[in-house]
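In this document, chain identifiers A, B, C, D and E correspond to the written order of the chains, with residue numbering beginning at 1 in each.
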């Protein structure tokens, strides 16, 4: 048997790890996109919504933020199954993480909208713009700039949180790494490799956010 | 001192319908009553100055006219049509948002802090209402915007963002944005504070220009010299009431009201 | 109430057995990170003792050991999976305890062993069980989270301190990093580790605390449980013995003696 | 309908252990936040200082920490340091060290934003009455920054508290660890997780509530 | 028009050392020269008003005096001692921060936007410099703070935070904070903009009070009426130069300089 070095093991595990990266990326993409859309709605309801609806969203946001993500994952995977609704682990994970991230995104959107000075909305009213027009042309473009930094943070958090899906057997990057480690017990080396891969993925997101932020830098008060 | 509960004499004499008529407007924040029954008429083409101590309710009244605040009692009519509220089945109801927007579009407002949209150039600031509210095609809106920016002396600054403009320039963009909509009435809230005398003179020039072209305006200001120059009539508010009104020369030379005399204080007598 | 429900379940047509046959494949809950029980080999294929047992079930159901779907899950997920019918059976390295048996129904065990101590061949503080015992409370033992693990350790090492980890690789890493002085592991795992990294580790040379490994099914389905038990028993003592003993040899390095013919020993 | 019979006895039997575990988690979070705040303040000032290399070094630290899963950082400190010959910390110390470094990176960003949003005028007013540089920082900049950043600090504390669940991975007996232990011992998975999440939720709420009181007490900046 | 390169006539005549002497101060932001050689003397007990168009460098000059800005050339002396810079070995060097702080403590400044410390009550705002810079015990500092807050009419507001105070009240706390340090000189930057006439009168009262008690002040203002009331001498700046100076009556009645005449513009003549 050829000598087992880190590099031969890495070569052996290349497809497993690449597949892990693909799953992690796909999961993160679904979660970020879904939570951005839902968070936008949630944020709008929090700021402008009908009182009872706003209270419901607030309750949702607070509860979600107080529960460990792991429990949310178990709930969506097994909790629903108790009622005979069986969703695959991957989608249970997407729903759990997106539900959690939506709470954060709603808060972020609310904060951003409220940070736009009241005078802006009044000036928009004064020239006769309707509610949706004010939102579309005046409020949201300005809120976008405030949203970006915390949005990037949440996106990065979600990429990191996909690691928790290993518990329900989604073979994302961490579980793929652990499977490799279970075979060769090169613990530190492979965790380092995984760290590097996560870092690259997240750093790319951070840079993208910084790039967008710079594009909006002309908006000053 | 005139009775502030009745519309003033001007319109009563001519019999013509005033452009704006406020009757007994009351407005409270929670339990604090800020406007305690304001009535006034503004004629087409008039430049009305609102003066009064800080907290007397001037800004609040302007905001009621532009429907940025709700008021609890009284009526404000623009061109004879009640604004903001309608009586249906004996109850006073707020009109729906779409109708509110249409009414607001007929009134322009220039804010004390300008409130230009920071993500748009001067030109885009002026164009927004023209395209989205008036529904004009972009090309036409751009022409109108350029025309007005030129008129306020900002032709070469039209591509600048607000943060690239000085206070006086931002002020003038705000004026152009309000008047380009061809409103029936323009409200100015303390447009001259924080401007130096030269810029005050500049803004004054623009406003006198507008007045000559027949624009109706209500102007809130603390600068009595400016008021004297620009206003055709002055209304003095105190504690949520209209306490005195009249042409500036008369009012300043010989204030009937004790309160107005003390308000004008050491400046009184300057207006010879 | 409960009795009526049980009576209904005995109706064979409603049993899991029938459902599995109708479905055409078996769904097994297991893990992927615990050699030699269940893990991925160099080619990325799931292998191990648990996997072989699952395939044996599939072979006896469909004449095709490939007709099995593995659902990977963490150890926290073993019970919810059964209760929520996500899997037909959990074949995942489960120790039988009476407490756990209140929640699930265990099959007959297919392996029994004790625990032992694994230590570093070089660089560690101890190499022998007796040295660890002599160190008293100065020794720290690392172990996988398990039933009453502290009791087990203290049965042999009354004063030693215990650190519990979630996964065997974390435990081994704790040993490598010197965080713990010895790894308290199943003897099967200890053997496997020593075989994987020759010369790196030593066995403390003492085993204690026997415990039995079995699969588990959802409670209240005697038909299904009985069928699985039948397969397991005949694997250990009857028709499937050749397959079973080959797996034993492969994963545990143990040569099984052929069951005695004649009167079945289990009834003697 | 539900094919599951709840049995809470196991939870009550373990109740003292559970509460102890909860308190340990809170303690870990608070200790890490305290250390993290100090790291964060120093780093934030380092980043706005004139030293290019310092700015760069801190930026690298922050980016590395923020873009790496916490679990992996925990493994590195706990397993990796001893293998590099550093055997100074036990498991709780290692975890606090990791979480502090983690919190420090986040707090650095929070404080940097806070510093950036302190109007320069306050500093100038402090200069104008003759305060020395360190007096300006101590009496004007820091107090104002703390008040501005209070909401972010409370958010960070809550997420740090939830992050203590990862300490289970290195055998620190906090709430998640205890819940898992109950699972392993009794297979009462539902009960254990429901209890754990109720406690997490209640504690998060309590933290948020307390900090909101603090915020209201100090929100003198509008 | 006087030659702006030489200190003005007053001090040359008396021969006494002026409290503040600026000689040929030049200040640039990058390549933009904002102050192009400002020289002036301020006598003990004088109230000097700085007027001029926006951007003429008034604020910049005040900030140079208080060492909030560096300047590239020229010298400012307070009580005959050069401020901010020292010549060592033929080179002009900034003096260290600690010494700067000591010099700043001898000059008070009241900012246009007040800049009260938002996390401290009115009293604490005034006390901070007294305890930390003057090293007074807390009890004594509290007495001094209360004395000054009383003098500006805020005795019962001393426990309030800035956000609980109106603009005029904040303004007065800022004045108290500056003068409680007993500085040799107080600088006021547009203290009256954004105040209504009544509040302007109030602040004016406080400043006249200070002037009577012998406090030396430099006041930047856009309000000519205010300047006329408060100043003993007026300096008109334009484009980074001192263009004209003199007592307000003289200067306003008969502006020699063409530039000043146009600056005063339509307000000229008011100051009869």
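The rule is short, and it goes like this: contacts are C-beta pairs under 8 Å (C-beta built on N, C-alpha and C of every residue); 3 or more make two chains touch, one makes a residue touch a chain.
For each chain, UniProt lists the protein as follows: A, D = Amino acid ABC transporter permease.
What you see is a predicted model; the values in this text were computed from it and never measured.
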item: Any chain that touches chain E and chain B; value: none
item: Most distant chain from chain A by Cα centroid; value: E
item: Greatest separation from chain D - chain, by CA centre; value: B
item: CA centroid of chain A to CA centroid of chain E, Å; value: 54
item: Separation of chain B from chain C, taking each centre as the mean of its C-alpha atoms, in whole Å; value: 83
item: Inter-centroid spacing, chain E versus chain D (mean Cα positions, whole Å); value: 47
item: Touching two or more other chains - residue numbers and ranges from chain A; value: 74, 82, 187-188
item: Multi-chain contact sites of chain D, meaning residues that touch two or more partners; value: 3-4, 75, 79-80, 83
item: Touching chain combinations (by label order); value: A-B, A-C, A-D, B-E, C-D, D-E
item: Interface residues, chain D side, partner chain E - complex; value: 119, 121-122, 124-133, 135, 139-140, 143-144, 147, 218, 220-222
item: For the chain B and chain E complex, residues of the former touching the latter; value: 53-54, 166-168, 193-199, 201, 222, 224-225, 229, 263-267, 270
item: Chain D partner contacts - residues on chain E that touch it in the complex; value: 66-68, 97-98, 101-109, 111, 113, 115-119, 128-129, 132-133, 161-163, 177-178, 181
item: For the chain C and chain A complex, residues of the former touching the latter; value: 32-35, 39-42, 44, 71-74, 76-77, 80-81, 83-86, 167-170, 172-173, 176, 193, 196-197
item: Chain D residues within the chain A interface of the complex; value: 1-4, 63-64, 66-72, 75-76, 79-80, 83, 158, 162, 165, 176, 193, 196-197, 200-205, 208
